[in-house]
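The two complexes that follow have chain A in common; it is paired with chain B in the first and with chain C in the second.
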Partner chain A sequence: MNQPVLALSAVLFALGLFGLTTRRNVILLFLSMELMLVSVSLNFAAFAFAHQDLGGQVFVLMILTVAACEAALALALVVQLYRMRHSLDVQLWQSLGDPESIRPAPIEDSTWPREPSKENDGPSLAPAGRDPAGYLASESIDSPAAAHRG
Partner chain B sequence: MQSILTILFATIAIVAACGLVTFRHPIHAALSFAMAVFATAGLYVVLDSPYLAAATVLVYAGATIIVFLFVLMFSQQIRPAPFESKGANRLKIGVICGALVGLLLAGIDSWQPPARIVSATGSDITGDASTDPRLSQLVEGQTRPKSTVASLGRSMYTRYLWAMELAGTLLLIACIGALCIAQPTEAEEGMGENRS
Partner chain C sequence: MNPSAAWLIPIAPMIACIVGAALAASRQAGRWAHGPTWIGLGIAAVVSLVFLATGRFDPQGSLLVDGFQWLSVAEAHFPVQLLLDPLSLTQVSVVTFVSLLVAIYSPGYMHGDPGYARYFAIFSGFVFAMTMLVLSSNLLVLYGFWELVGLCSYLLIGFWYQRPSASRAAKKAFLVNRIADGCFLMGILILWMLMSRISAQVGAAGGAGLLDFRRLTDPQTVQLLAKSYPEWLGWSMMLILIGALGKSAQLPLHVWLPDAMEGPTPVSALIHAATMVTAGVYLVCRMMPLMVMAPGVLMTAAWLGGITALLAALIALFQDDLKKVLAYSTVSQLGYMFLGLGVAAAAPELAGVAVLAAMFHLATHAFFKALLFLAAGNVMHAMNDRIDMREFSGLKKYMPKTRWLFAAGAAALAGIPLLSGFWSKDEILAVVLKAAGHRSHAESFWLLLVIGLITAFLTSLYTFRAYARTFEGDSKIPEDCHPHESTALMLVPMAVLAVGALLLGGILGPTGWLAGYLEGPHEEGHSHAAGHSYGLMVVSALVSLAGAAVAFASVKGGWKWFESTSGFPQLARQKFYIDELYDWTLVRPGLALGSAVAWFDQNVVGWLSRSMAAVPPFFGQLLRSSQTGRITDYVTVMAVGLVVLLTLALWR
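Moving on to the complex of A and B:
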């Protein structure tokens, strides 16, 4: 009677992973992450039952604590994201990426990501200093660089 | 009876998790996550850990979901965020996740439960009692220790005391951090969109 539970937690974990990698709404991402945590703690409980050891149950309580911390911090971050960008789209939250790969798309743009241009389809280092090509300042409305200049 | 309950709760959990992944509206996804958590709590009861069931329902289906719904209503969007991550190849990711499930299921299939799993009557012991002293104790008529809230609490505050204290400290730090992060600065209050 343990193996169905283990199989269930494997399926839940995979579903959570799928949701985490394909969704774009931050809320859905965090829900998928919580689902993965639930599946792992289910695994712990199943093994605690199989081995008759309370360590597994204590570990589930740890996971609960960590999940609560994670939810608190994540939702605070979501509130900040919403305040800055007025959207819950994760792909608007890329300010720390390589500037050449950041093409801040408008919210309603459905063709993300744009087709890579021919001259810049390989990996490249981030240029040091402040935005040499004036790229961010010219193209994005609300990037940090633009905010600092203005 | 127990296996029927296990299958029932597992079915509910899988259906709810599929709903979580497929629903477009975050509120529906959050509610189906709560459903999955309730099914998981039922499984905890089947797995002889009732305290975990209560704690899971309180923390996940209670606190976390409420906070999620609160944040969702706080950030009402004019246009909902795009659903699919456009850069991601859904088919490829689905195949990878399916392969992961297959791999895990193969591993589970080859896993043998330890010989100490016995029914409550201790009648169907399959291991070799002569090699495992704990098993021989069971054979000698000791009933399986019942996992109660008291025994869980005793183990939590004796053997795992430091871990519990660390978890409590982590929770405190996370609370303070969340307060600091979510607090609007004066510039944000004034201008709304610009960073301070």
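Moving on to the complex of A and C:
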């Protein structure tokens, strides 16, 4: 009787992983992560039920607690990040990479699909996809990234 | 006076040095930096003179003042003590007294210089080092302060370090002295080794105590050393002599002293004429009991001294720069002192008179040479730092007092009868004559006597030529100058020096005071010095008067030979091309070797290390492209890695 629950858990985990690897908005990344945590919790609950072992349920409670704390911290960080760059595009924070391998997001480049700019508004979603519309693949773009690779 | 008070002599200038250095921190306070120097040197001078006048010695003829233990390793002790004896007290009195006078003169000369406080701090530091050099009871401690005076000299030659010529001269002085000091150190180490070999026989503990002067010059030790290790002792003495020759600017290491005139003139007067350069003479006097065991070394000293005296006098004759004349004159007079010391080679019993003659000339020379330099400083001050005698003449109209002071110094240096220089120079010539009477090396000493007399003539000639060209004749001054007499603060110490230059020789020499003091009361039968050889006195008096007459005649008559740009005058004007010789034989090969080594270092060693350094980046290059800095990339890699690991774990 556990099979459907485990399948649901697997599907949720895969969705979360997919969202984490493809989304660029920090909040959506965070939500994807939460999704993965939930799927894992579900797994724990299912196995706890199957083995009639309360240890699994303890883990579920534990994970939920940690996730709640994490949410508080992560959202505070998100607010700070937004204040720094006025954007939640995760590609804007790459400074930990090797300088020659970084392909910085062309912030001022009008061809980059930007979030719609509104006055005095909160963060909004960035477009999904790693390299939307093949912008970075195209050498013709006169962007800092292109200059860097050249 | 309590013997411990002798520590005031070095410590007062040391404190003055520290206070002066502290004052240098503020421009405002720095203007008062001469205060501590005056007080410190004043205390040192008074204490030295009191000890000189009232010092009581133990039966050995000296007095050891305990200081502190520098180092103590097992049985070996390295004490720092002061040795008071007639030799050191004579020298230290000359040093502190002349230093005090030059320090009083200095504010007038250095007025308004940005480095005013620095000047006085180093000045006091020099006096501290010099007094410790003279008073230390131990050869090793002496060596330490030997280096310290060298450092102070370096700092003061390069005082105006913005001038390339000054910093070059400072480096040159330092390097030439380094050669000599290296030899000196080797000599000390050899002597130390010998002393530790015989230490059991003389019943001495190890450590630097072996190099204590009282132990070194103890007759029993000297005999033992000379008997057991004559060759080693000879080498050691030779190396120590080279150290002394370097510090006292004797051939072939004299090249640094004339260049040292780049420093402020009072420094030239004090360090490079009156005190530091006589440290070599003092050292040889100190080591005399051991030196006489190596007559070859003393003979070398005599010959080098004689040749230096002659060559430097010839060079001085053709210099146009007033300070250069005085510098070469200093070299020449130091050569005289070494010549005087060298006569002990003829017979060991001449050691006492040799030391006496050298110390006598050292003392009088300190006075008149310091006076001449300070007078040259006055001229420089009035002529806007010009010192080339071709640019001015007839200054007696503008600077009558300076003129008379210079004339007094010049007369004393030239050996005009009855003045200081006459007595002390005669003393040296007399001991050379006496040495020529001994059978060993008689020919050498006759020749050296002739050289000495020729030098005396040349000394008188160049000194009075310099005087006449500067102060006599038609007055001619550079256009932008307003010649003026110097302030009283500058003239008074010069007047004191002038009194010394005129009278000191007559007081100390013919009366036998210095001889009686240096040789000690217990050697009365062995009366002072070489005795007076009246014939020689007359000859040297005539020689110096003749030199003076020729000098005045040549300047008045405008003899062209002295300005000739060919033949011998040109050779002497170019300092016999000794600098050029060193340049071609030592400096350029050294530079070539240096460039070759630098090339090897850059291209071979450098290539090797660069190649090694290229390996890690090569491997790093392979991995660095994965570091994109994108979170999504990292997450992807993490997920793929997780899958791979799980797959492996499940299949296992």
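The criterion applied here is as follows: the second predicted complex is superposed on the first by the 104 of 150 C-alpha atoms of A that agree within 3 Å, B and C clash if a C-alpha of one lies under 4 Å from a C-alpha of the other, contacts with A are read in each partner's own complex, and residues count from 1 in each chain.
As a convention for this text, a contact is a pair of C-beta atoms (placed from the backbone, for glycine too) under 8 Å apart; a residue touches a chain by one contact, two chains touch by 3 or more.
Source: prediction; values computed, not measured.
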Following the superposition defined at the top, how do chain B and chain C come out on chain A, clash or fit?
fit
May I ask you to name which of chain B and chain C touches more residues of chain A?
B
A:Gln91 contacts which: chain B (first), chain C (second), both, neither?
both
Tell me which partner A:Gly19 touches in the superposition: chain B (first), chain C (second), both or neither.
first
Looking at the overlay, does A:Ala67 come into contact with chain B only (first), chain C only (second), both, or neither?
first
So in the superposed three-chain picture, is A:Leu8 touching just chain B, just chain C, both, or none of them (first/second/both/neither)?
first
Shortest CA-CA distance between chain B and chain C [superposed frame, angstrom]
7
In the superposed arrangement, what residues of chain A touch both chain B and chain C?
17, 21-24, 90-91
If you look only at chain B, which of its residues touch chain A in the complex?
2-3, 6-7, 10, 13-14, 17-18, 20-21, 26, 29-30, 33, 36-37, 40, 43-44, 46-49, 51-52, 55-56, 59-60, 63-64, 67-68, 71-72, 74-75, 77-88, 90, 93-94, 97-98, 100-101, 104-105, 108-109, 111, 113-114, 116-117, 144-145, 147, 151-152, 155-156, 159-160, 163-164, 167-168, 170-171, 173-175, 177-179, 181-182, 184, 188, 192-195
Could you please specify the touching residues of chain C with respect to chain A in the complex?
624-632, 635-636, 639
Residue numbers of chain A touching chain B in their complex, please.
1-8, 10-19, 21-28, 30-32, 34-35, 38, 41-42, 45-46, 48-52, 54-55, 57-58, 60-62, 64-73, 75-80, 82-84, 86-91, 107-108, 110-113, 142, 144, 147
As the complex stands, chain A meets chain C at residues 17, 20-24, 29, 90-91, 93-98, 100-103, 130
